[in-house]
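Think of it as A, B, C, D and E in the order they're written, each chain with its own count starting at 1.
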Amino acid sequence: MLPFLKIMLRNLILGPSTDPFPFAPAKTHKNFRGCAVFDPEKCILCGICRHVCAAGAIQLRVSEDGSGMQYMLWHNSCVFCGMCAHYCPTGALTMSDNWHLVHTGAEMFSNCISSFIPFGECAQCGAKIQPRTQAIIDKIGERSPERFLLCPKCKRESIVRNVAKVNHLPAEENP
Amino acid sequence: MTSTTYTLPVGPLHVALEEPMYFDIQVEGETVRSVELAAGHVHRGMEALAMQRNYFQNVTLTERVCSLCSNSHPCTYCMAVENLSGILVPQRAQYLRVIADEVKRIASHLFNVGIMAHLTGFDSLFMHAMEIREIMQDAKEGVYGNRMNLGQCIISGCRRDIDDSTGPFLLGQLELLKPQLDELYGVFERDPLIRTRTRGIGLLSFEAAKRHAVVGPVARASGVAYDVRRKAPYAVYPDLDFEVQTDTKGDVHSRALLRLREAVESVKIIKQCLRQMPEGPINIKAIPPIPPGEAVARSEAPRGELFYYLRSDGKDTPQRLKWRVPTYMNWEALQDMLANCQVADIALIVNSIDPCISCTER
Amino acid sequence: MNEQGMQSAEKAVSQVLGAGSITWTSDVNGNFFGWVKLCDSKSLLSIAPPLAEIGARLMTVTAYGNDKFGRIAGHGIAYHFDLDGVVVTVSVCLPDSPPRVPSITPWFQNADWNEREFAELYGIILEDHPNPRRLFLDKGLDAAILDRLVPLSTMMNGASTSTLWEKVFAGKQLPEWTKGENNS
Amino acid sequence: MTDILEAAFAILIFPGGLFALALGLFLKGTDRKVLARLQRRVGPPLYQPVLDIIKLMTKETLIPSTANEVAFRLAPVLGLTGVLVTAAVMPIGGVWSGVNGLGDLLILLYLLPIPAMGLMLAGGASSSPYGALGFSREMCLMFAYEMPLIASFLAVAVRVGGATGSLLSLPAIMDYQFQHGPLLFDPVMLPAALALILFIPGTMGSGLFDIPEAEPEVIEGPLLEYSGPLLAVFHLMSVVKLVVVLELAVALLCPNPLVAGGGAGVLANLAWHICKCLVLLMVSVTCFRAATGRLRLDQGFSFFVKYTSPLALVSLGLAFMLR
Amino acid sequence: MLQFLSKLAPRSPWIYRINAGSCNGCDVEMATTALIPRYDVERLGCKYCGSPRHADVVLISGPLTLRVRDKVLRVYNEIPHPKVTVAVGVCPVSGGCFRDGYSVGADIDHYIPLDVIVPGCPPRPQAIMEGVLKAVEVWRARLEEGICSHS
């Protein structure tokens, strides 16, 4: 008649199912989407993270002297969707499993990732290009590492030179 | 109005209501004479926001329309974008989307029936139902990384694959869930208190259901066998075997039981998906630009039919993105259901349409 | 699978507007979508009754500006109907200003909310609506908010975003240049 | 003079006053703990009700601007005083035989509704529609649960009085049971005992009968507008009321002491008495609450009219026939 | 004595939820945290209360929409002192996804001082519990300060 009585009795026998947290650490699955983690070594300042961020949690500002960019991710605006990490081409942004983000109201605005990313320099002419740290070269520049370190202009010139060389060789051999 | 009639304001911040909504109820003794619904407390202007955000950002934005059906929204939005631009979603991604949808459906339905128990004051049963829901919450956290907003859908596919570690984990959670779900159904079906409190109240006849064009479990409990998954199939639903649940009583009790039966069907669907899922990519890397034009997409969210209309002018933000959520249709039918009920039943009846105000008001 | 819905829609629409006035598209799962264009809002009154008669269910109504930045005048309203699994969208253009549209609540009771919503969001005038009050918008907000607001917010950053970000940058003791407007 | 001192002692220290408060808080703590166990929870520490009271004492008292301030402040005080007086006349088998001349069932009939009246006054004074709704619900339910109470009182009185007529004095009822065994085991009185056990959740507003203070419906009804120390007084009132109704049921059904005589026996008897209260609490409040939800007002009302009252009347009729 | 009381009082934090236009996510998680056996906040002395006048710790979620603002402020003022505010989710702090919507106020801090912030979208129940524990710390500190200033 009372189907719930059975469950109640079972509850009494089985004992509490309460997690020990907060007296013991809580179980966190490795897939958990916690706060974003930023590796400045891998960032190429492409801005795709900012482009896909619906919450406007990411800002990039060029420094006055043009030597780099200030990268900011404000955790109190981030909605933990992980789109930035999904679209980041170099894996500079990842979602950690850290959810211990509780803080007091006084720290409201300081709860952020702040990092200065210097621009890279063209190996030939020294013009400012996207950052070229070793981590980035290893990740996306391995096809032609030398050319990867050039600015678009020098890169173009180098390609043209190569093409010219290729075209030129047979011409010299057949006078 | 007689002198015994007085106005009882319910809400907007009322404990029985999960969300801010407002009724002015004319009460005579304990009987409701008329109900005036006032809406707009959760209106965040999301359609205007959607017109300012680009197509990528809108995936996340639509997910935040409502966290109880937070997979249906981005999924239907992506379907609209894909319909417009002709992107073909890989087969595996279609399966993954269905799995995410059904996982959310189970959790959402369990939450609703749990709240129903809570509203009858049966807190032990509420806790029991919510404990069962925790199995699904754990599954969501383990597979997708968040307990509410899965972040699974993107334009052209899905983000997280179900691999050798998460697949068996999900299956294990389902095995854990199934017997408990069946037992819970028995409790809700037979418990005398639940029956006394919920049978015969909040009645919606077949005709009234047609007239108000209600959707989802509310419609199905009144005998309108409309399920988008069958009527206008999307993703891989045509390849899946499941039954559309219907009932004819159209009261609060039958709606709750119908939701539990649907949850059981969902378990079945997920298991089939895990079995049948083909290998392959889960999304397409290169997305073509979205052409100008218009497209619609529909899906069956936990609360009923969800509809998206997208209009593009070829820029990277939509010209117009409009969505119609199930509660939007069911809400007006409350006028019929609440007529002449008791004050004690208001919350129960409102809860029986599984209202999602944040969906409705956007 | 939804042949019947298609046929009855085709019949009802061509009865009023003549043959060929409905165009069809379909998705990968073979679901069909019908599209009807009306150039006069009055013809809505002639197409609503036959649709109601064949048991169409009004799903929702979408109003939109012909251009979201308001560079081109005029509005459109799309009425989305469901016929046993087939979606038929009837679009109406409203070129005149102020835009006016007749209410279809006599045939579709659930049009009530939809119509009130577009009336408040776009300032479209409703004719013969039984209950033309505001639906969602707070009294403090102007009517036709979507018409006015979108052009304003074409600047990517709204007011509250910049204030909040200034506070975030201020808290970090960064060099002076970071505190300017977003300049990347 | 000694009479007055004795009465003062009874009201302020034992068995009313401090003792009742302490026992009530202990019972409340146990109730919450056991309820938690039935719901697979750990539950709060046993002394949590004490902490709650201390916390409420440190809080601000807000008085709604529309409320009648005098009545608003008076209501909890009235309720607590009334219930403490009631607790003072409760006899404890083998420990305390009650204040002379006060332990009468008729007087109890007047004293028992005082806490409910306090709540009603509170609901009326706070001038909120929910308070008013709670007020009317409390009143309606009170009529319903007082009926079986009166009927079972009469049944007990007739049974105890036997051929000599009816006896309404609590000490006399206890004496009868000391000689003839507890009424709980008297087959004639079994229906009335059941009615009395069902009366407890009714008057305490728990389980099926959590109607006047139903949280999702009327947001704790009369208590909605109370905060701080005044709310604490209401909480104290409700724990003492719990003690009173449990002790009353124990006195009517099974007051027999564990051991006879004084000295250390008194302490043993006191412990025995507390055990009986606990068992009754578990049955009629805790488990009842864990296994059920709340009825609608009309359903709650008809529950008492249809089931509880007839039970008590059956006993009354049987007692009449058998005397 | 007062010192002693201020140690004991925060061991009974009663919780009240305010939904200031949230998307349900945080709200559902708050209900889950507050009411179900797995997290059982009652063992920490918490009780979930229906009336703001009984509350000590207020959990706020949502970006504070225009329509709900006055009502939220009214309810907030009905909570007796000392009270501690916890923002659950990022919406009350920054508006999250909804920032810059025409009917969203975003900076709740402007109207209601936020004492503790629990970032997340929505935060998991354990994080909400951490937030409540942090709020209890804030409350205790406040009680001790208040008592010091009285004497």
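One rule holds for everything that comes next: a contact is a pair of C-beta atoms (placed from the backbone, for glycine too) under 8 Å apart; a residue touches a chain by one contact, two chains touch by 3 or more.
What you see is a predicted model, and the numbers here were worked out from it, not measured in a lab.
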Neighbouring chains common to subunit A and subunit B, by label: C, D, E
Steps needed, at minimum, to get from subunit A to subunit E via touching chains? 1
Higher-contact pair (C-beta pairs counted), A-C versus B-C: B-C
In angstrom, rounded to a whole number, how far apart do the mean CA points of subunit B and subunit C lie? 23
So the centre of each chain is just the mean of its C-alpha atoms; given that, what is the distance between subunit A and subunit D in Å? 64
Between subunit E and subunit B, distance of the C-alpha-averaged centres to the nearest whole Å: 27
In whole angstrom, the CA-centroid distance of subunit B from subunit D equals 45
Send over the residues of subunit E in touch with two or more other chains. 37-38, 40, 43, 50, 65, 67, 94-97, 99-100, 102-103, 121, 124
So subunit A residues touching two or more other chains come to 2, 4, 8, 16-18, 32, 54-56, 74, 77, 79-81
So subunit B residues touching two or more other chains come to 15, 40, 43, 45, 48, 52, 60-61, 64, 118, 123-125, 127-128, 131, 141, 146, 149
Which stretch or stretches of subunit E touch subunit B in the complex? 18-29, 31-32, 35-38, 50, 62-63, 65, 67-68, 71-72, 75, 96-98, 100-104, 121-122, 124-125
Residues on subunit D engaged by subunit E in the complex (per definition of touch): 32, 36, 39-45, 48, 51-52, 54-55, 57-62, 215-216, 219-220, 223-228, 231
Contacting residues of subunit A [partner subunit B, same complex]: 1-4, 7-8, 17, 29, 31-33, 51-55, 79-83, 86-87, 95
Along subunit E, where are the residues that touch subunit A in the complex? 37-40, 43-44, 85, 87, 90, 93-97, 99-100, 109, 113-121, 123-124, 126-127, 129-131, 133-134, 138
Subunit B residues within the subunit D interface of the complex: 6-9, 14-16, 27, 29-30, 117-125, 127-128, 131, 193-194, 196-197, 342-347
